[in-house]
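These are the structures in question, set out in turn.
What follows is chain A paired twice: with chain B in the first complex and chain C in the second.
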Partner chain A sequence: MDHETIVKTVNSIFIERFELDESELTPEKTIMGDLQLDSLDLVDMIVGLQQKFGIMLRDNPEVRSVRTLGDVYALFEKLAKEHPEIEANIR
Partner chain B sequence: MLFLRNLAFYSVTALWWVVYWLAVAIPVLAVMLLPGPRRRHWLRRFLLYFGLATVRFVWRPFFRVRFEDRTDGSRAPGVLVTDHRSAIDAFLVALPGLNGAQTVNGWPLKVPIIGRFALAAGYLDVTGWDFDFFLARAKEIFAAGDWIVAFPEGTRSESRTMNPFHSGIFRVAQELHVPVYMLCIAGNEFMPDRKFRFREFRDLSVRLVGPLTEEEVSQCATAYVLKNKVFRIMSGELASMDAELDHEKNI
Partner chain C sequence: MEKRRAAVTGIGVVSPLGNSADELYRNLAANRSGIRAMTRWHDYFGRDIAGAPVELDPAAVRKISRKVRRTMGNTALFAGIAAQEAVAQSGLEPEFFTSGRMGCIIGSTVGSPSSMTEACVAEHEGRRNDLSACHFFRLMSHSSSFNVADMFGINGPQLSTNSACASGLQALGAALELIQLGKVDAVLAGGADESTPLVASSFQLLYALAEEESPEPERLSRPFDAARTGLVCAEGAGVLVVEEMEHARKRGAQILFEIVGYATNCSGWHVSHSDELQIANCMRGALADAGIAPGEVDYVCAHATGTKVGDAAEAAACRAVFGSEVPVSSLKGHLGHTLGASGALELAAVYGMMRDGVVFPTRNLENVEDCAGILLPREIREQKVRICLKNSIAFGGVNASLVCRSVD
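This part shows the complex of A and B:
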């Protein structure tokens, strides 16, 4: 899966679930600082990502180290390499 | 002069606390015999009357509070969200006369007597409880026909700019399908400051707006969307209230 598809898919979660404008979604933005999601919002974000990519993230320790939107893109690039089937799962 | 006014304010307040709680001691003891939810409902009433009398009568020589109800008159139990500039907000939220359990940031519940009383009245600890336990207690409060009074900023702002909201209470409103009312409190930044000193005594403005109905609450995709919607409405109201207060002060 290419980088552009991952960025577009991840961003769609933030647009649909948090009504953020696409122009706000740049890789350096911190999720809890710049985008002002709190711990409960993170649960919504993870649920949204799981549904969109069709992959479980709850037990993935790398999710805990995600700080910026760029970290989310990087995480899914890595997951896409480890699980090529997720490209077909994208809804 | 300001020091003496502070001294007078806290002396009168302390005296009033003793008088009120001694006066209601016997009814409170009787209420303690009731089963859990009814006991908590009635204890909240004692706290509501305490807050109302404190703001309307005891503090009147020090400052006046103008209260406006700009709702459509509906009073379905729900969440009452308020901005949080200073410590007296915990009293000012009594002005709409809604019997409610306040969300509390842990430590005030440990204050001798009043903190223990608040805990017994079903006040909600937003820092010490997990979400499911919090939700169960919230359900009980709404079932009793009462409100939850929430301070989603989490801590006092001491300024005219609201801190970002936390999502928790908005998720409660969505999960339990209740409306969200908004109580905007203006004029009380530094009344008192974080060290509980009044840097000035000025008249305040409190305005009840909304509600966002159950349907409007449910239509928000997430609690994040709802909290931002409420934040925008309250920011607009507070800006106009601050401007009115400044205008009145300059006349």
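This part shows the complex of A and C:
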């Protein structure tokens, strides 16, 4: 799965679930600071990522340490290599 | 000790006849009906039964910030939009909401039936992990109350009067009592409810729903009428700003009307049969609380939903308390039954009647048999409405009556 697909899929969650504009979604933005998501939103971010990529994340310790949007992209770059079937799951 | 008095300084409505108090009143005055064939429920019922849905403007929905809206099912959303109208009309300053002297009391039958259905379906399909973190907040019983409190930063008492069709009126009664006790100076109070196929089928199971398919669905809700076959499910919200009288006067607020008395009781013996004796006792209790004799009441805004047993019991109770001189009507012929919203929502129309000196008739009322012996206008009636009594009668055997007085 290429980087552009990962970015587009991750960003779609922030646009659809959190009503953010695509122009606000740049890798250095902090999720809780710059993008103003709170703890409830973080849970929904995980739910959204699970649904979009078709992979369970609840018990993944790395997802709890993401701080920026770039961290989320990097996490999925890693997961895509470990789980090539993710690409077929993207809805 | 003299009781503190309670004024209504703001009213907000979301209803099948419009999403503002003015629009609702204009449509009622024009004898319009909010009832239609529910084609979107066809697969569920196998035919187009009648219902009275709310149509929301997406722009009005987006005015509620995402972080409040995310925990709202439709019930709380209706309450929130109605609350915005009520607060705007009241002119209360935002600083007051966070003073600890403002409360929020909004009731509904359940937190959100559509959200509850979504959760049950997800559980049944093994998709529990797909549910939003916010989902439980949408279906919690007090969802409307805490969501509306959060919308305005209200940090005084927050209660939720979840008593089915009496929810809204019990909220207003509780607001009155909190003000009388000196615990708060104002309350956002009212009721809200959604109508879904599951909600309608709950009444269908009890043979309480007007479920026949009809080319004229707007004629199916006919409270007190000899040919009535049941209620038509509706939805919406009514939220009022109830404010201590001197507090309202000092800041120059427009007083719309005064809440002067309240009572609530229950039958204590049956969960679904209306009890004419206890309905009468409730009305007498509210009048006694107000220090008003039955002969001084100008109009009774009945609960009457179009069910055979319920309407007859309420008519008998009105006959016992008021005789045949006081006009009685139900607005559910126009609106359908907005369930937990009905008590508060219909008060928006009552205010208009008090202001304009008219009484609206019961729509679709043509023949009276078992509800005889009370004055049931068939046309708009011009008369001064200074004192009005509003009833709500709910499953669980709950009755609530509120007495209102116009401002001279």
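By definition in this document, the second predicted complex is superposed on the first by the 91 of 91 C-alpha atoms of A that agree within 3 Å, B and C clash if a C-alpha of one lies under 4 Å from a C-alpha of the other, contacts with A are read in each partner's own complex, and residues count from 1 in each chain.
Please note the rule applied: a contact is a pair of C-beta atoms (placed from the backbone, for glycine too) under 8 Å apart; a residue touches a chain by one contact, two chains touch by 3 or more.
Model, not experiment: these values are computed from the prediction.
A.B. asks: Taking the superposition as given, does A:Q50 touch the first partner, chain B, the second, chain C, both, or neither?
C.D. replies: Only chain C; A:Q50 stays clear of chain B.
A.B. asks: Touch test for A:R58: chain B only (first), chain C only (second), both, or neither?
C.D. replies: The answer is second: A:R58 touches chain C but not chain B.
A.B. asks: Touching A:E16 in the superposition: chain B (first), chain C (second), both, neither?
C.D. replies: Touch status of A:E16: first partner only.
A.B. asks: Using the superposition on chain A described above, determine whether A:L40 touches chain B (first), chain C (second), both, or neither.
C.D. replies: Touch partners of A:L40: chain B and chain C.
A.B. asks: So which bits of chain A does chain B touch that chain C touches too?
C.D. replies: 18-19, 38, 40-41, 44
A.B. asks: Along chain A, where are the residues that touch chain C in the complex?
C.D. replies: 18-19, 38, 40-41, 43-44, 47, 50-51, 56, 58
A.B. asks: Give every residue of chain A touching chain B within the complex, in rising order.
C.D. replies: It is residues 16-19, 36-38, 40-41, 44 of chain A that touch chain B.
A.B. asks: Over in the complex, which chain B residues touch chain A? Could you list them?
C.D. replies: Residues of chain B touching chain A: 131, 164, 166-168, 171, 221-225, 228.
A.B. asks: Going by the contact rule set out above, which residues of chain C touch chain A in the complex?
C.D. replies: 66-67, 70-71, 129-134
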